[in-house]
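What follows is subunit A paired twice: with subunit B in the first complex and subunit C in the second.
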Partner chain A sequence: MKKSNNAKPITENDSRQAQFRLLLAVPLSALAVGLGYAVLSLPSQAPGLSDHVAAKLEISGVSNPVTAVLLNFRGYDTLLELGVLLLALLGVWSLGAAPKRREPSPGLVLELLSRLLVPLLILVAGYLLWVGGHAPGGAFQAGSVLATAGVLLLLAGWRLDTRFSGLPLRLALVAGLGVFLLVAVVLMLAGGHLLEYPPSFAGALILLIEAAATFSIGTALAALFLGGRPEKGSHR
Partner chain B sequence: MIPAFLYALVGVGLFTLGLYALIIHAHLLRKILALNVMASGVFLVLVALAARTQGMPDPVAHAMVITGIVVAVSATALALVLMLRVRIATGRAELAKEPLE
Partner chain C sequence: METVTLLQPVFDTLLGLALLWLAWRALASPDLFKAIVLFITFGLLMVLAWVRLDAPDVALAEAAIGTGLTGALLLAALTRLNSKSDAKSVHEKEQQRKAHN
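After this line comes the complex of A and B, so read on.
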């Protein structure tokens, strides 16, 4: 808390704030005890939905249960989640252009290190994307690693070329949601329900959606880092 | 399954600490950080309670947490930009006590 600038070290205001903090600690402790009691009163064995997931894992197209839930059983959630990411970016962009930062020269270490690290990060993102099919990994993890590469480049003073900051950037941002929606609608028109993958090529569809989603998530997170709409001609 | 409950209790503690900081601090950056600490507590509870199974933990809770993390990151980015706008408009990164003119 900010101390008041008065000369008196302890004002009436300060002591009232201290009282308020002490008073606040009482209901919050009660809340913590209540929540802790609620947690401890849960049964110690609860399979939840894991048995259902395990039973249907074979026809999901992937062997990692979390990826199967994210992209197949609860694909609707993931679809809307990509929408939330775009919505947040829309909110950030609608608040104005990216603040013009005058970065000092990044220095030799950061410049050389980013050149070494960015290809490695892209490689790791690709690995995480592929490994998501049968082990922990997947589009969001890969996308955040990709975004790290983008943030590193932005910190090192790199900016997207003006040729790409208009339509190509927006296409990259909506690619994940677009491919996801396209697959959903095509499958629905082909006679199934929304996002009902045929088991024979569910794996390929999931990989396609995840690849596009990784690219879009990485771009969107890096664009969020910039904190504003890219100016035509100067910023990403 | 004692460890699962231990982690869940740590999550409850993080949630309460975050709530305390959210109420106490006026600076918006601290409020945003406090909300993130609260979110981490909720995620920890969910992941911990998903481990109450024989063998494989409940994947549905894990998928929910991944979804939640992405939403939390997006909301944090939007909140930070809004905070910068408030700071540009009023000169302070705090909410005004009285409505602005």
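After this line comes the complex of A and C, so read on.
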């Protein structure tokens, strides 16, 4: 932390900050009382929706209730979540280009470990994606493990070739949302409601959406780590 | 088995208290690097809390996104913040020298 050489404005700021903190205490205590009231007034036995989910699990195409809710019964929420992730990346990219910093040699340990770990992480991501159908796992978990592989590569000094940092990268980023929307629209045109999968191939559709989403989430999170728009055409 | 069931409430209480303490330390720490490390530690304990709440899906997401990637993102942001403020202070010093001359 660096302090300014001029001491006077700091004391003024301090007193203003103290006043602000005192003012802040009023809404915060109101919030605390409201939250406490909400928690205390919760019914002790909430019925919940787990019975409904269990009753309809057979037609959802998967046997893991969490995946059934996320990708089938409430698929709309997951669709919007993918959009939010894309918006976050858009925000970061709009702030400027990625910092051009040639990292010094990453060192023997990081280089060797990243070579060893990246294939393993990709394998784990694939496993999490596949296992999501019947056990804890799924697109977001698999995508973030994939992104961890990307972050490790970025830390080891690897950068995306400029040939791929334009359209191919953007296509990879929107693939998840695109496939999701495509499935939704095709199902709507086929006569159903938005994201109403026919039970006979719901499992295959969910796996397709999750695979595309995993790829996109992994790419988006790794691109977030880069901290800016990868510049096209410039040598990095 | 008996002792395990007896120890569970103790473990849960300790976990809850540790979470609250870590959250407070992370918020109150003036050193940003320390705050980030505390936040990552908080996330790791939060994973245990999700497992205790029988929510392995959320625990997986918390471990991968909430702790791993967010921690890496925060550290990267801190590095950029420091390098930027360093560059700025050098720039300001040059300006001051020019004004002085």
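In this section, the second predicted complex is superposed on the first by the 188 of 236 C-alpha atoms of A that agree within 3 Å, B and C clash if a C-alpha of one lies under 4 Å from a C-alpha of the other, contacts with A are read in each partner's own complex, and residues count from 1 in each chain.
Simple rule for what comes next: a contact is a pair of C-beta atoms (placed from the backbone, for glycine too) under 8 Å apart; a residue touches a chain by one contact, two chains touch by 3 or more.
What you see is a predicted model, and the numbers here were worked out from it, not measured in a lab.
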Which superposed partner A:Thr148 touches (first subunit B, second subunit C, both, neither): second
Subunit B versus subunit C as contact partner of A:Leu22, first or second or both or neither: neither
Which superposed partner A:Leu108 touches (first subunit B, second subunit C, both, neither): neither
Partner chain(s) touched by A:Ala55 [first = subunit B, second = subunit C, both, neither]: neither
Touched partner set for A:Leu224, first subunit B, second subunit C, both or neither: both
Which of subunit B and subunit C A:Phe140 touches, first, second, both or neither: both
Which of subunit B and subunit C A:Leu167 touches, first, second, both or neither: neither
Subunit B versus subunit C as contact partner of A:Val69, first or second or both or neither: first
Per-residue touch tally on subunit A - higher for subunit B or for subunit C: B
Contacts of A:Leu189 with subunit B and subunit C, given as first, second, both or neither: neither
Set of subunit A residues, in rising order, touched by both subunit B and subunit C: 1-2, 66, 99, 138, 140, 221, 224-225, 227
Residue ranges of subunit B in contact with subunit A within the complex: 1, 4-5, 8-9, 12-13, 15-16, 19-20, 23-27, 45, 49-50, 52-54, 56-64, 66-67, 69-71, 73-75, 77-78, 80-82, 84-85
Of all residues in subunit C, those that touch subunit A in their complex: 30-31, 56-57, 59-61, 64-65, 68-69, 72-73, 76-77, 80, 85, 89
Residues of subunit A touching subunit B in the complex: 1-2, 21, 24-25, 28-29, 31-32, 35-36, 39-40, 42-50, 53-54, 65-66, 68-70, 73-74, 77-78, 81, 84-85, 87-89, 91-92, 95-96, 99, 138, 140, 217, 221, 224-225, 227-228
List of subunit A residues in touch with subunit C within their complex: 1-2, 66, 99, 128, 136-138, 140-141, 144-145, 147-148, 151, 221, 224-225, 227
